[in-house]
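For clarity, chains are labelled A, B and C in written order, and residue numbers in each chain start from 1.
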């Protein structure tokens, strides 16, 4: 592949993904710089190059040169911007992948309502098509193709974890159960790092009296295709889950405590596949809240630790599930304090959007986590933080270690299962 | 033909035509690009989201208000001041009712005109000073930003000079700057005046469909 | 005279302080000259005048009194006392004439020469001494000096000040300068435009002045180290002078701007709302103070601009970027540098 053609491929993809929505964004940006004040990478480093609108520069230039109204007129008069070169694309690659979690704080603050986060997702399509993707994400994609898991978790490993959990909680966990109410998918991070979540699901669903299963061919919820920005890969990964769920004829698929997984299957899914699913998609937090309101999983003795809640971006700000974790925590905890800036404006952990899978971005991610540390330090005598996302949990554990902080990190499903009312 | 007759006559007609046709061409061009229909099961209404998005982004949310206060104050001061002037200053109302609408409406008293103008000027100066003082702004600003700002400033300044309406030359200079501003408008970032409702609306619709408030 | 390192470098606003002093002295001179002229405003009859009221003719209605005394009675009061209220029953007011004389013969006549003179002196100074380089060259490391809000406040005020200064000079010097050069039509247009602009932007200056006061007051109080600084004339005659965040010259400029700026604000508002004043003399004194204050501020600001741009290397960084080179900081504001960085400003081999 010659230098020029990589740039051509990327630019062609940029233009293909610049629909009227993206075009309206490019035409409305007034360079006001407020997005910088929302971005944890700019705030933690002070480097202006992390300004969100700046990260979109190559895509905007390509649009202004080749697709914008008056672009032909401007080209004739020599006023159109110059062609995007491969050097520029390479220079921008770390900005697009290392310093963006697609957390949408910038979208929130923009006076013109520009969805910069969503547009970074579209921009990554150009990079993925041209093969300009960070190494860490590239190897994750390769694992996924081989094992369906970005961490290479095989069905053997999963079954071992399931067996462990069945023993620990004393409840059977059925694999490939035909016609179950719910099919659960998990992130590899949860399966390997926090397998207690399997036991928690078992306990909760037994109490609620709903049937559930895990598919032996489609247990992975994360979608590295979404993180890399490759629609074909995203579709391929999703296909496995959809096929398995439809083969098992389950009524619902549960998206786990994971960031982008919900968006990938719930919102992007049908559009990637070109059709509706034969099942409904529900987020585990949504489901738990619904079951609790229906009285099926009543709360028992409350957890007395001083707790706060981290709002994973893709679940709360970009997922719309702000109330549910809070009402669940209110029932299950006696000392739940919100951190400053909680809710829709909360800071990302710094590792979302593929950043945590990218070793090159390690330093930047840790710097961004510094803002989270400030928020945590703002809650006096804090003992634990509830983090309803597997990726965020890993980032928290690494980050707290880096900042020498002693704090317990708790998953939401496990907490709800632990504080369930006794029989 | 005298200077004033030219700028209020043929040049004005050219400028107004370029402005209207150019702005329409650009807006329609953006909309015509189209977007794929979203077939995922909706949680909310995208039409309602379009409206909500437009309204919500007028107000900075929560902790962002404190961080960006100077931009908000300068921005609103300038824009509200400018609209106040454009729509309620007596000479402007006279021009509009004469040339465009055929009817007029109540105007600001002179002291109201002055205060509105002062707020508009202070806002614009603060905004432009911020543009070259803030390292983020220095990185992301281009010549279009500066040209748009200066054309607007000069249009307002010549308007200020022409107050009292004692000098035909000053009035004509103001009209000339307005004509230039109108011609430049559809091709630069000044178009944000019309595109903002599309961008806010699109985000509002996309997220509103998902039952979210972004 | 070639000067040794450490003595040839006049710190930053030494010149501003000196120019301010010169201007103060000139202002005082103006006041004295005014008083002197005022004393001579007594009108005498022409040499060949004939006193038609004959001493041996019919007695005049007011008895044996001279013409001058009769005119005095018409005028009322002491013609030398412009501030005393007009007595009852006076037919003519002459304070207007006195005011007009002061304005035409002194303010308008000489005003333009002061800024021109300052520019001339600075040009000469620059030709002779050149730009003051940073001692030891740029280190490449910077220290933050002014936040974004400080910089925005400063440049907004500067922009408004330039508009006011320029329009004000046009209004003041329209007739003596513009008319001879460009004709009455041009003067009419320029002055008309300037008046509108000046009146509109004036109140903005008041807002900006308050903003500047709030943002820059901290650090601008005079301290012992400032008096040591001025005793050494900012290092003009040898040795390094210590300074905290702002030196004596900068502090003087701040307070001059605040005090004269306040006078400008009050007199400016008075002139924009003249109907609030029954006694014309308030407006007359306002125009005089406004004009004199304007010239003072314009002159000192020229010095300030010179210092901040071409005069001293590294100075503009503080206001453009908000950060200054470490060597610049050590040289010009060593105490501030030590306070902010915790490091010593003394280098090996530096003369103290």
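As a convention for this text, a residue touches a chain if its C-beta (ideal position, glycine included) is under 8 Å from a C-beta of that chain, and two chains touch if they have at least 3 such contacts.
Keep in mind that what you see is a predicted model, and the values were worked out from it rather than measured.
Contact topology of the protein chains: linear, an open path with no closing contact. Chain closest to the overall centre, judged by the mean of its C-alpha atoms against the mean of all protein C-alpha atoms: B.
Distance between chain B and chain C, defined via averaged C-alpha coordinates, is recorded as 39 Å. With centres defined as mean CA coordinates, chain C is found 62 Å away from chain A. Chain geometry summary: the mean Cα position of chain A and that of chain B are 37 Å apart. Counting only residues that touch two or more partner chains, chain B has 134-135.
Contact residues on chain B toward chain A in their complex (touch as defined above): 25-26, 28-36, 38-41, 43, 53-54, 56-58, 60-64, 67-68, 71, 75, 131, 134-142, 145, 186-187, 189, 191-192, 195-196, 198-204, 206-207, 210-214. Within the complex formed with chain B, the chain A residues making contact are 18-21, 23-25, 27-34, 36-38, 42, 48-49, 51, 53-54, 67-70, 104, 107-115, 118, 266-271, 274-276, 280, 317-320, 340-341, 343-345. The touching residues of chain B, counted against chain C in their complex, run 70, 114, 117-118, 121-122, 125-126, 129-130, 132-135, 157, 160-164, 166-167, 169-170. Residues of chain C touching chain B in their complex: 148-149, 151-152, 155-156, 159-160, 188-189, 192-197, 200-201, 203-204, 207, 320-322.
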